[in-house]
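A short write-up of the structure that comes next.
Note that the chains take the letters A, B, C and D in the order they are written out, and that residue 1 is the start of every chain.
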Amino acid sequence: MIPPVGDIPADFSLYAAIFGVFATIFIYSFLWKENPLSRAVEHLFIGLAAVYTLAFMYDAAVSVAFWGSVEEPKMAEGNIIWILPILISLMYFFFFTKKYFYLYRYPVAIVAGIMAGMMICGMIQSNFVAQIQGTVTLPLVGETPEGKPVWGGWPPPGLNSIIIIIGVITVLTFFFFTWEHKGPLGVSTKIGRYFLMATFGAGYGGTVMARISLLIGRLRFLYETSYQDWFWAWYLIPIAIICVIIVALWERSRPKSTPPMTSPAKPTSTEVPPSKPSEEPAAKPAPAKPARKRKSEG
Amino acid sequence: MSVVVKRYIPLAITFVMGILMVIATYFLAPDTDLRKGTSYITAAVDVLVATAGIIGLVVLLRHHGLNISRRGKYWKYSMITIIAVILYLLVGINAIATHEKHLMYAQEFFSWVYNKVYAHMDATIFSLLAFFIASAAYRAFRLRSLESSILLVVGSLMLLGRAPIGGAVWEGFPTIATWLLNVPNTAGNRAITIGIAIGAISLAVRQLLGVERGYLGPER
Amino acid sequence: MTLPKISQIDRRYLYILVFIFVSIPLLSPLKLPIPVSEHTRRVYDVTQALPTGSVVIESFDFGPATITENRPQAKAHIAHAKHLGLKMVVVAFWPSGAPIADEVLKEVYGADFPSISGYGTNIVYIGYVPGNEVGMQTFGDNIMAAKGIDHYGTQLGNFPLMQQVRSAADIDLWAEWTSGTPGEQQVIQFVQGRHGGSSAVPIVAGGTAVSVPGMMPFYQTGQISGILNGLAGAGEYESLLNVAFNYPYAQGPSLDAQSVGHLLIIAFVIIGNIGYVISKYRGGKSS
Amino acid sequence: MSIINEGLVASFVLLIIVLAEILISLFLTRAGKYMPKIRKIPGLEAIEEAVGRATEMGRPIVYTTGLGGIRDQWYYQTVAGLSIMGYTAELAAKYGAKLIYFPYDPTIVPMAVDVMEQSYIRAGKPEAYNPENIQYLGGDQFPWAFGVLGAVHREQAAAAIHMGPFWAEALILAESGFYTGAIQIAGTANYHQIHFFVVACDYALIGEELIAAGAYLSKDPTQIGSLWGSDFGKITAVILVIVGVILTVAGVTALNDFFAL
């Protein structure tokens, strides 16, 4: 069901939803290859996004500087001080001049300073102190906060604590920049890298879950949205797919006089051989050395 | 002189604002007037950068306008962008002119376009990830070394444990997934978090002292 | 097709397989049982333990892109809080979260929200609070400095609830529904950290399954009291509420599709590796 | 009524310790007293190779700094990304490759223009600088991501470098960049996305490696000193953890009481 929005006629919502189906399929057609339909949606989307960004930046500024309350008067209530940030903000426009170009740096400098100061305090408290505190208060003897014995059950909470402590220390050593990873430090960084990989694996598993959820959301939109009991998506999906196929065929049948690439792609064999990623133990476990012989589907 | 105005004054401003925020956090007690004063400075950030949205729009229009006038590659698509900008901007300006609180975003038609047109494209592009993640799983997860095997095994166990089917097959899977999330994952993420905190503070120091290059325009 | 070739299937076939396999359970649900995880149960318990009249902040910090995961979480929690008679201040620190919150509130409280009897005393919808984490910090210090009017244009000072709730010190629970930044970490850093830690401002968070692993260190330290993990978390919470007061359990088909999707991805990993291992043993060039 | 706000004493003391470590090592290297050796970060070494490859193939390099602006909490990653962009642009100018940069937040458009122009001037080729190579794509996550995606495919980019704060678009960029055959170097400190870069890209910078990159590439003693200092910060963390654990096992709560201050 599409609820009517304010004074916007319900028909409008239907058109918008139909557009939504077409946009969905056109964007999915990108998975096949970059094509005129996906390109059109892309350009439309970028245009809308630029205005949308402007709108919410404008809205944020207006609601901070202009509309206040009796307790917190802003410009609308006669608090003139708020004109100051507006004036400084206008210095951004010197970006368009050649001579006074550098004046844009003033608002940037103010904001950067504020953010740096805020970040220092936030980082040290929640990312440093609280995390170290959380590590040293892990249960190792006696009972856990829930009243279970630390060395009972499987896996015992005490063992978990020890694993976390070892993990934190070894991964931290991995990030040392000015010491060579040799000797005991080398062992530690190696263990640290295993921990990092386990972390990344857990992250990857979680992400797969999230991404499948997104697809599910989209598919439920396609399959379940109806307008007055008319499940239009069932009819529109084939039409949209046919559009994609037609455009694909049309593109293929066009003479190759206007190659869509910047430079004519050379045959792969003459390409610079992909220089080998160094086998040094570092950021990457085993670089998924892509088969660069595979050409893109251009 | 000019290098002072161009470079040193902005750096000095950055330094002063940074120190001010640190002082406000540690030394100004909450609910005092001074602390409130600094909360107005933080609130003003959004006003300070507000004009940048216009700069972005102008840069975008200039790029596509030039492309059309030169009949460059894909100039027809550039027209789509420009038409979209103009139409949506008109809706927005109409919103400012008619809406009582002068908020573009709260205006019905403006947010209607967002919710009913824009949001579909947004969610669809996001869901492309489900496909990309499938192909990444297929091509990149290989048992090359002990390290990549750890990544692969942990990832697969998480997949089994976090979906209902894992628990239906063997009830151990959810337990293992929760353990992986609570123990090794916590350890790794915590160390990364601590490392990032130190790195970010070190970058902030470089920045406040004005030695980080590539920021605020290098020496000119 | 020889075996090593199965490590070189064109990705487009994989895409079609994903599309088809995820569609099947949506069209004919499998009705698998769902176990409730510890993280979800904590959210339920923390909320359930609040005395009637406690103040909860419901923060909508996600955009339309993740409504599949975050929206049912937030909706279920708001329905739960309403059922328990808690007072709610609803905000959005993402501009795109504001219309979603409006929609959700209209679904929970009826279509004529905010023209309902409890508005202003039991619930206030502030709408979008600008400024990202800076806005959050300002909000925590002094709500009315962050925003003077509610989503519908009324002055905040007019509401009895807002007279009572001045800053983060006056709230009993912060429910954070987020898919990014600003999100739970910013609440921890800029609100909880500045107002006396997790005992003063407990946080429950609902995240996309991506961000949940990153939340775990904060969960372990108690900075976050409970977590809803993506769509599964929402489904688990719905099933808890379904038992408690017959809240509709709508995520069944989605969770089935989730299971099928996961199995498919695992199958891809295995197939990819079979080809890889075989070609390695034959001494052929690995791809 | 204490001087330092309640609950923040421990963090203030540790902040002073960490700052002192960074500042002292910074001044030591600046004065030339000691020059630490930095371990190699392969991802950064690979940038030159990527630029060289792009030059030989005659195809552009696509550069992004993720969803960063200067007004958000992750701006430190954006600053790091811009530093690496300056370095990449200098190399590109030197070799004559085309570098296209896609800023996300409009607030960094002027900074990007500034940085890129300076890099071309430093490389001695100011005439090669083209402002058209900085393309704004609307400051919203997925339009931006889709725009970069389309550009990578249409321009057949030879290299894609992503350095900065990334969210969901990380895998979109990394996976589709792979299918155009681009050499991919990526780094982020957003730990919920690092694994994508580790899995799908040729080189990945993990967490702090990205933040340190500006200092690493600059070879400027002052900046390298700050890296050295941040290593001391990590040692402090390790020592605190070890001492804290020993004290906890011994039943001494002094350190925990200190943290709670």
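Heads up, the rule we're going with is that a contact is a pair of C-beta atoms (placed from the backbone, for glycine too) under 8 Å apart; a residue touches a chain by one contact, two chains touch by 3 or more.
Keep in mind that what you see is a predicted model, and the values were worked out from it rather than measured.
Engineer: Can you check which chain pair, A-D or B-D, has more C-beta pairs in contact?
Structural biologist: Higher contact count goes to A-D.
Engineer: Based on mean C-alpha positions, I'd like to know which chain lies farthest from chain D.
Structural biologist: C
Engineer: Quick one: chain A and chain C, Cα centre-to-centre, how many Å?
Structural biologist: 16
Engineer: So, what's the distance in Å between the C-alpha centres of chain C and chain B?
Structural biologist: 18
Engineer: Residues of chain D that touch two or more other chains: which are they?
Structural biologist: In chain D, residues 8, 15, 18, 70-73, 76, 79, 106-107, 109-111, 114, 136-143, 146, 154, 168, 171, 179, 191-192, 194-196, 198-200, 206-208, 212, 227, 230, 234, 237 touch at least two other chains, as defined above.
Engineer: Give the residues of chain C that touch two or more other chains, as numbers and ranges in rising order.
Structural biologist: 11, 15, 18, 22, 63, 65-68, 95, 128, 130-131, 133-134, 137, 142, 145, 149, 189, 193, 209-210, 212-214, 217, 220, 229, 232, 258, 261-262, 265, in rising order.
Engineer: Name the residues of chain A that each touch 2 or more other chains.
Structural biologist: 27, 30-31, 39, 41-42, 45-50, 52-53, 56-57, 59-61, 63-64, 67, 92, 95, 108, 111-112, 114-116, 118-125, 127-128, 131-135, 164-165, 168-169, 172, 175, 196, 199-204, 206-209, 211-212, 214-215, 217-218, 260, 285, 288, in rising order.
Engineer: Using the touch rule from the top, collect the residues of chain B that touch chain D in their complex.
Structural biologist: The contact residues of chain B facing chain D are 25-30, 45-46, 49, 52-53, 55-57, 59-60, 63, 66, 73-74, 121-122, 125-126, 128-129, 132-133, 135-136, 140-141, 151, 189, 192-196, 198-207, 209, 211-218, 220.
Engineer: Provide the residue numbers of chain B that touch chain C in the complex, in ascending order.
Structural biologist: Touch list, chain B to chain C: 25, 30-31, 35-36, 39-40, 42-43, 45-46, 100-101, 105-106, 111, 114-115, 118-119, 122-123, 125-126, 130-131, 133-135, 137-139, 141-143, 152, 155-156, 159-160, 162-168, 171, 174, 178, 181-182, 185-186, 189-190, 193.
Engineer: Inside the complex, what are the residues of chain A that reach chain C?
Structural biologist: Touching chain C: residues 3, 31-32, 56, 59-61, 63-64, 67-72, 74, 114, 118, 122-123, 125-127, 130-131, 133-134, 164, 199, 202-203, 206-220, 223, 291 of chain A.
Engineer: Can you tell me which positions in chain D touch chain B when the two form their complex?
Structural biologist: 1, 3-5, 8, 12, 15, 18-19, 22-23, 26, 69-71, 76, 79-80, 82-87, 105-107, 109-111, 114-115, 118, 122, 132, 134-143, 145-146, 154, 168, 171-172, 174-176, 189, 191, 194-196, 198-200, 206-208, 211-212, 214-215, 218, 220, 222-223, 226-227, 229-230, 233-234, 237
Engineer: If we count contacts the way the header does, which residues on chain A are in touch with chain D in the complex?
Structural biologist: Touch residues, chain A against chain D: 27, 30, 33-34, 38-39, 41-42, 45-50, 52-53, 57, 92, 95, 101, 104, 108, 111-112, 115-116, 118-122, 124-125, 128-129, 132-133, 135-138, 140-141, 165, 168-169, 172-173, 175-181, 196, 199-201, 203-204, 207, 211, 260-263, 265-266, 271-272, 274-275, 277-278, 280, 282-285, 287-290, 292, 294-298.
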